[in-house]
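The following pair of complexes shares a single chain, chain A, combined with chain B in the former and chain C in the latter.
And now, the complex of A and B:
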C-alpha cells in the first residue's frame, strides 16, 4: 500500500505543479517586470549567465590578429610608407623598393592616423583607444614623446616644421592643437560631431576637420555634417561649413593654398521612406567641394552612376598639382579619380538652382569622373608620393596596400603587409559587412548605416512599417551578441533572422545572403567589441552616486518607486536590458535597449528624439513614464548620466 | 566533349572563334517569314520548318544538331546561365499553340520537353535565377504580356499589365528584367526598352532616348556596362544599337557591324558580339567594335533568324518579391509632381499641379479611375487597384492639364514611388519630408460628377 500511496502523492504533486506552473510563471514575470500581463519568456531568458560584452581594452583579442591597415604617410624621398596597422596595434614601415614591411613598432590602442613632418624626421601616430598621440623619430622608430588627447584621437596632422600637432578627437567632438616646442597648454577646438580626418594646407595656415556624424538636430530635420575650418596658427575656429544631408565623412583634403577642401560624403535620403532603393533612393556617394574663400560655395558632386553605385566613400587624396583627386570607396573596392579643375569650374560657373539639381544628378559624374580603379577588400585611407606619381591605398580587410600609377590612373602593384592567411568566420563576415555588392546595384553596405558596427545618428522611415509612420534609428551593434531579441520592436529572435531574407526584401532589395555568408556575417556582428569605457574621464564618486540612483527603490520623498518604474527593472546588469518590450511614453512599446557603451550612441530613443542622455528625462519624461525622474535635482540627474556614461 | 560529339561537326573556324558554340534559329529560305511578319506574329516569324539547332563555329551547313526535333516549327532560343540547357518557343503541329520547350544539351538523345503552356501562344523565353523562367504570351490579336514561371513547381504568374505588347525579356545584371514594350494605346508602331522587377513591380522606361517611332527589341546586356538591341521591326532592315547602362544614359549609338539586315545580337564571353543577319550572305557572325565581321556559319537552305552563344554566363541575380496578393491594391507615392524632365520645379511658364487624376485602361478604352489633391510641395499618396494599367494626369487650379505620364501599373502590395512626373532617368530624390505622408493614402475610386475638373 505504501508504494502506491507514495506514487499517488507524487502524481498529485506533479499534476498540481503542472496546473499551477503557468499561473506561477506569469505571476513571477509580472512581479519581476512590475507590469501585469508581461509576455511569457523562458526561464533562461532571465536566469542564465551572460558574459560582459567584450570591449577594446588595449589587450590582444583572441584569434588571428589581422592588421587592418588604416592611416598612411609617405616619406619625403618616396622610399618609405608608414602604415597604422589598427588591428595589430602597431605602426609598420614599408620599404617601397622591396615592397614589404621592413620594421614595425608597437603603438597600442588601435593606431589610426599617421602624419609625417615635412622634413620626414618626426612621425605622429594616434592611438584611438589609449587617448594619446605617439611621436616617433622616423629614422629609428623610437618613441620621442606621447601627447595626451581627449577621447579617441583619429586623424592627425603635423605642421611643416613639425612644431605643431593637430589631432581629431572623435569621441570628444573637438580638435586638439598642441605647440610641441612650447609650454602653452593644448587647445581643444570645438568641432562638429565626431571629427575623423584632418588636412593642413601647405602653408600651414588652414586646418580642416571632416566630422563623421551629422550635427545634432531635431528629429526629421534635414541632417547635416560639418566641415570645421580652423585657423591653425591661432588654434581657433575660422569657419563652420554645413554639408546638408551628408554624413560619414572620413577623409578630407585641402588645396595647397587652402582655397578649397574636398570631403567624401554619403549623401543620405533618410527623410524619404525606404521605398525606392533604385537611383540612390537611400543614399549615394559624393565628393563635397568646399570653396573655403569667404562666401565660397559648397557643392556635393555625385560619384555614382545611374545603374552603378560605389558605396562608402572613405579616404581622399589630392595630387600635389591640385588637378586630380582620388576617392576610395570602401564598399565597392574601387578608387575613383576625379578631375578637380572640372569641379572648380562647375562650382564657380553654374547657377545655384543648377548646382542644386546637379547634386542629385547621377549623370553628372560624366563631367568630372576620370577613372575607376579596382582594389581589394575595403580600401580606406590613401597617401600620394611627394612627386604625385604613386598613390598608396590601404586595403583594410585584405591587409595589403594597393599601388596606383596616379597619372596613368591604373593599378601598378600590390604590397602584402603579411597578415594572417587564414580567414576566420569573423573576418569573412567583416568583408561581407563592408561589401556593398550584396545590395541592389551596390548602393550601400551594412556599414553604411552601422559605421564600425555603430550608429549613423540618423532616423529612417522604413516602408515595411507603413509610410511616414514608424521612424527608427539604427541600433548600435557593439556588444549586441546576447541582447536578443533584435530590432526596436523586438520582433527578431536572432541576428540571423534580423539579417536574413526579410532584411533583403526590405532594405537590400537583392538576393538574401546565402546561409554560409549569413553565418559569417552574424559571427562578425557578434564579435564587434564595445569602445573603451574611459572611466578616467569620469568622477568615480559621481559614478557611485549615479549607480545608487540607478538602483534606487524610493524617491527623494521616500515614496516607493513601483517596480515597473525602476531603471534596473528594464535595464538590469550585466547587459543593462531585460530584453523585453515596454511602453515608456514614446509612442509605442519598444524593446529595452542595452546600455553598454551608451555614451557613444547619441541621439537616443527609437526615433532619436533625445539629443543627449539628459534629454531622455528633461524633455521626454514629463509624466515619469520612463522611470521616475522628476523628483531628481540637477546634481542627481548629472550623477545618473555619469553612471550611464560609465557603462 | 560530349557536346562536340553530339554536334557531329568538326570546328574549323580559326582565331578566337575556334570552339565557339551557339544555338541558331533557322528559318527555311524563301519562306519570307522574317520579312513579312510583325514581331509577335509567331506563325509568320517562324514558319513551318523553322528549327532551333546547335552549331559550332565553322561547321558545314549540314553539321548541326537540331534541338527542336519533332516540332513543326521553333525559334527564339535562350541558353541557361550554366550553358547546359536551352529554352525555345515551338509548336508541335501547324495547328497547335506556341509553347515553351526546354532541351538538355547533355542528354545526347534528349527530346525537348514542354516547360510552359498557358493556353495561348508563348515565345521569347529567358532564364531567371533559381530555376525560374520568363517569357511573353498572348493571343493572336494581342496584347502580349510577360509571365514568369518556376521550372521546379510549375507555378506561373503574369508580371506585366500595360495596354500594349511586352516581349523579348532578358535579365539584367542587377536582377531586373529588360523587355520591349509596344504601347498599343499610342497607336504608333513603336516599341521601347523598359525594365521591371522579376515580380512585375517597379516598371519603368529603360533610360535610353527612344525616337517616337523607333522599334527596339532583343535588348541584351553586354559583358561591360552596355545594352545592345536591334532597332527596327521585322519587315524593316534591322540594325544593332548600343546604349550605356552607366553614364551617360542618353548615349545611344548605332554599331557599324557591316550587316545590311541585323536580326539579333548577343554578347560573347570575350566581349565581342554574336550576330545573326545578312551581310554579303545570310548567316551567323562574330563582330567586335573596330574589327571585321567574321562569318561563323551559313546554310543556304535557311535564314539565320537568331543566334545565341552556348556558354556559361555566371549565376543570375534575383530580387526578393514585394508582392502581397492578399492586398489587392498597391500604393503610389509621388514626391513632387511638378518636377519633370530634370527641371526642378514646374516647366517654365507651366502652372503648378493642384490635383492629379488617374486614368485606367479597361476593355481597350481609357476610363477615369479617380483623383487626388496635390500637396503644396507637389506630393501625393494614393492607393490604386493592383495590376491595372493606369496613368496620371496633373491639372492646375484651373483644371488645365499640366502633364500626363505613360502607362504603368502597381502590383498588389507594391509601394511605388516617383520622384516627379517624367523626371530625368538620372535624377535622384531630394532629401526632404514629403507632405503627402502626413495622411493615409487616398483610395482611388471613380470621380463623381461634382468632383470632375
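And now, the complex of A and C:
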C-alpha cells in the first residue's frame, strides 16, 4: 500500500504543480516587472549567468589578433611607411623597398592616426582608448613623450616644424591644440560631433577637421555635419562650414595654400521612406569641395553612378600638385580618382541652382571621375609619397597596404603586413558587415548606419508598417550580444532573425545572406566591444549618488515607487536591460535597450526625440511613465545622468 | 528718454586742474581715467535693444548683451547681432564671459547658457544638460571649466569631457541655491550667493568655503569692518589678492586678512544697490542703480546722470573724504547700470537700462577733447 500511496501523492503533486505553475509563473513575472500580464518568458530569460559584455579596456582580446591598419604616414624620403595597426595595438614601420614590416612598437589602446613632422624626425600616434598621443623618435621608434588628450583621439597632425600637435578628439567633440615646446596648457577647441580626421595646410596656417556624426539637431530635421576650420597659429576656430545632408566624414584633405578642402561624405536622405533604396536615393557617396576663402562655395560632388554605387567613402588624399584627389570607398573596395581642377571649375562656374541639381545627379561623375581602382577588403586611410607618385591605401580587413601608381591610376603592388592567415567567423563577418555588395546595387553596407558597430545619430523611416509610421534610429550594436530580443519592437529573438531574409527584403532589397555568411555576420556583431567607460571623467561621489537614485525604491517624499516604475526593474544590471518590452509613454511599446556605453549614443529613445540623456525625463516623461522621476530635483537628475554616463 | 548720439566731445564745465589735484592714479594704457566724453549706442545704432544687461570687452571686440540678443561691436560700431532669429532662442543675455584662449563667448541668459563659437550658437538648458537652472546670472571661464551662477545653484561644465556638476544647498555648504555672480582667478572660483554671502571654491582642494556677514540677517552693519557687509550679495570680483563683494547694502573689500566695508553714506560709493563688479588692476568698477563707480582703494570716482537737472557729473572723493564734482555734457545713458568693462584702449563700456554707454579714455582723434585740457592742467 505504501508505494501506491506514495505514487498517488507524487502524482497529485505533479498535477497540482502542473496546474499551478503557469499561474505561479505569471505571478512571478508580474511581480518581477510590476506589470500585470507580462508576456511569458523562460526561466533562463532572467535566471542565467550573463558574461560581461566585451569592451575596449586595454586588455588583449582573445583569438587571432588581426592588424586592422588605419592611419598612414610616409617618410619624407619616401622609403618608409608608418602604419597604425589598430587591432594589434602597435605602430608598424614598413620598408617600402622590401615591401614588408621592418619594425614595430607597442602603442596600446588601438592606435589610429599617424602624423610625421616635415623633417621626418617626429612621429605622432593617437591611442584612441587610452586618451593620449604618443610622440616617437621616427629613427629609433623610441617613445619621447606622451600627450594626454580628451576622449578618443583619432586623427592627428603635426606642424611642419614639429612644434605643434593637433588631435581630433572624437568622443569629446573637440580638437586638441598643443604647443610642444611650451608650458601653456593644451587648448581644446570645440568642433562638430565626433571630429575624426585632420588636415593641415602646407604653410601650417589652416587646420581642418572632418566631423563624422551629424551636428545635433531636432529629430526629423535635415541633418548636417560640420567642417571645422581652425586657425592653426592661434588655436582658434576660424570658420565652421555646414555640410547639409552629409554624415560619416572620415577623411579630409586641404590644399597646400589652404584655399580649399576635400571631404568624403555620405549624403543621406533619411527623411524619406526607405522605399527609395530601389531608386538609389537613400544614401550616396560624395566628395565635398569646400572653398575655404571668405564666402566660398561648398559643393558635394556625387561619386556614385546610375546603377553603380560605391559605398562608405572614408579616406581622401590630395596629390601634391593639387590636381588629383583619391577617395577610398570602404564598402566597395575601390579607390576613386577625381580630377580636382574639374571640381574647382564646376564649383566656380555653375549657378547655384545648377550646383544644387548637380549634387543629386548620379551622372555628374563623368565630368570629374578619372578612374576606379580596385582594392582588397575595406580600404580606409590613404597617404601619398612626397613626390606624389605612389598612393598607399590601408586595406583594413585584409591587413595589407595597396600600392597605387598615382599618376598612372592603377594598382601596382600589395604589401602584406603579416596578419593572421586564418579567417575566423568574426573576421569573415566583419568583412560582410563592411561590404556594400550585399545591398541593391551596392548602395550601402551594415556599417553605413552602424559605423564601427555604433549609431549614425539619424532616424530612418522604415516602411514595413506603412510610410511615416516606423521611424527608428539604429540601435548601437556595441555590447548587444546577450541582450536579445532585438529591434526596437523586440520582435526578433535572435540576431540571425534580425539580419536575415526579412531584413534583406525590407531594406537591402537584395538576396539574403547565405546561412554561412549570416552566421559569420552574427558572430561579428556579437563580438563588437563597448568603448572604455572613462570613469576618470566623472565625479565618483556623483556616480554613487546617481547609483542610489537608479536603484531607489522610494520617492523623495517617502512614497514607495511601484516596481514597474523603478529604473532597475527594466534596466537591471549587469546588462541594464530586462530584455522585455514596455510602454514608457513614447507612442508604443518598445524593447528596453541596454544602457552600457549610453554616453556615446546620443540622441535617445526610439526616434531620437531626446537630444540628451536629461531630455528623456525633462521633456518626455511628464506623467512618470518612464520611471518615477518628477519628484527629483535638478541635482538628483544630474547625479542620475552621471551614473548612466558611467555605465 | 535717452538720446543716442555718435561720438562727440564733452565740454568740461569745471576746471580740470582742480579735478586732477585729487591724486587720481593712471589706469591702463590711457593716462586719463576720468571719462568725461561719452557716447551712447542703442537700437538706433544697431543694438538689438536699448536695454543692455551685460557688457564684455575682449581685446578689440566688445560684446553687449541686451534683453533681445547679443551684439558684437568692433571699432565702436555694431558689426553683428545674435537674437532669437539668429538662433539665440533665449535672447535675454544677462551675463557674458570670454574664453581667453579659444575665443568662445559664453552667454548667461534668462533661458539657459549659450556658447558662441566662430559663429555657431550652442544652447544648454536645465532640460537638456546639467545646467542647474536656466536663469544664469553669472558665468566665468576657468581653463576648460565653465562655471555658471544660476538661480538653482552652481554648475560646472567641463568642456574637455562634456560632463556637468551641480553644487547647491543640498550637496555643498551653500546657504541657498540662488546665485548671482561668478568670477574666476588662478587659485579659486568666487560666487555671490543671495542670502549666503560669498562662496569660494578652492581649486587645489576642490572644496568650498564661504564668507558670511557676521551680523547675520540684520540689515544694519552693526560692527563696521567685521566682515562682509551683508549676506545678500549680488556680485563678486577678485584681483591682486583682494576680494570684492557687492551687496544691496554696500561694498566689501577683503585683502585676505582684513575686511573693509563701504556705503554711500560713509564713502564715495556711488550707490549701495550694487548690480555688478569688475576689477581692472588695483581698481574695482562698481555698477549700481545710481550710476557707475570706481575705487582704487584710495580715491573714489562716481559717474552719474544728474537727477536734479540736465547734464551729467563726475564726483571724485579723495582718501580724506573730500568730494569734488565735475559737470559734463555727455555721460551715462542712465543711472541704472548693470555691467561695465574696459577695452584694450582703456575705454569704458557701460551697460545701462537705456543703452550702451561708451566712455572715451581719450577724446576722439583730431578733436579737441578733455584729455588735452587735462594735460594742460598738469
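Methods note: the second predicted complex is superposed on the first by the 645 of 647 C-alpha atoms of A that agree within 3 Å, B and C clash if a C-alpha of one lies under 4 Å from a C-alpha of the other, contacts with A are read in each partner's own complex, and residues count from 1 in each chain.
Methods note: a residue touches a chain if its C-beta (ideal position, glycine included) is under 8 Å from a C-beta of that chain, and two chains touch if they have at least 3 such contacts.
Not measured: the values here are computed from a predicted model.
Visitor: After aligning the two structures on chain A, examine chain B and chain C and state clash or fit.
Guide: Aligned on chain A, chain C fits beside chain B.
Visitor: Let me test your reading of the model: by the given contact rule, A:245 touches which partner, first (chain B), second (chain C), both or neither?
Guide: first
Visitor: Answer with first, second, both or neither: which of chain B and chain C does A:321 touch in the superposed model?
Guide: Neither partner.
Visitor: Touch test for A:542: chain B only (first), chain C only (second), both, or neither?
Guide: A:542 sits against chain C, while chain B stays out of touch.
Visitor: Determine, under the contact definition given at the top, whether A:284 touches first (chain B), second (chain C), both, or neither.
Guide: Once the two structures are laid over each other on A, A:284 reaches chain B alone.
Visitor: Taking the superposition on A as described, I'd like to know which of chain B and chain C A:619 touches: first, second, both or neither.
Guide: Only chain C is touched by A:619; chain B is not.
Visitor: Look at A:356 in the shared chain and tell me whether it touches chain B only, chain C only, both, or neither; answer first, second, both or neither.
Guide: first
Visitor: Could you tell me the angle at the CA centre of chain A between the CA centres of chain B and chain C, given to the nearest 10 degrees?
Guide: Between chain B and chain C, as viewed from chain A: 130 degrees.
Visitor: Could you tell me if A:583 is touching chain B, chain C, both of them or neither one (first, second, both, neither)?
Guide: Touch status of A:583: no partner.
Visitor: Compare chain B and chain C by how many residues of chain A each one touches, and report the one with more.
Guide: B
Visitor: Just chain B (first), just chain C (second), both, or neither: which does A:268 touch?
Guide: After superposing on A, A:268 lies in contact with chain B but is clear of chain C.
Visitor: Would you give the minimum C-alpha distance from chain B to chain C, in Å, for the three-chain superposition?
Guide: 21
Visitor: Quick one: which bits of chain A touch chain C in the complex? Just the residue numbers, please.
Guide: Contacts found on chain A: 150-151, 172-174, 185, 187-190, 226, 234-240, 534, 537-539, 542, 545, 611-612, 614-615, 618-619, 633-635, 638, 641-642, 645.
Visitor: If we count contacts the way the header does, which residues on chain C are in touch with chain A in the complex?
Guide: 101-104, 115, 117-120, 122, 126-130, 132-133, 143-144, 152-153, 158-166, 168, 170-171
Visitor: So in the complex, the part of chain B that touches chain A is made up of which residues?
Guide: 129, 174-175, 202, 207, 225, 245-250, 317-322, 331, 333, 335, 342-344, 381, 415-417, 419, 424-434, 437-438, 441
Visitor: Please output the residues of chain A touching chain B within their complex, sorted ascending.
Guide: So the residues of chain A in touch with chain B come to 220, 222, 244-245, 267-273, 275-276, 278-281, 284, 302, 305-308, 353, 356-357, 360-366, 369, 440-441, 461, 463, 467-468, 501, 504-505, 509-512.
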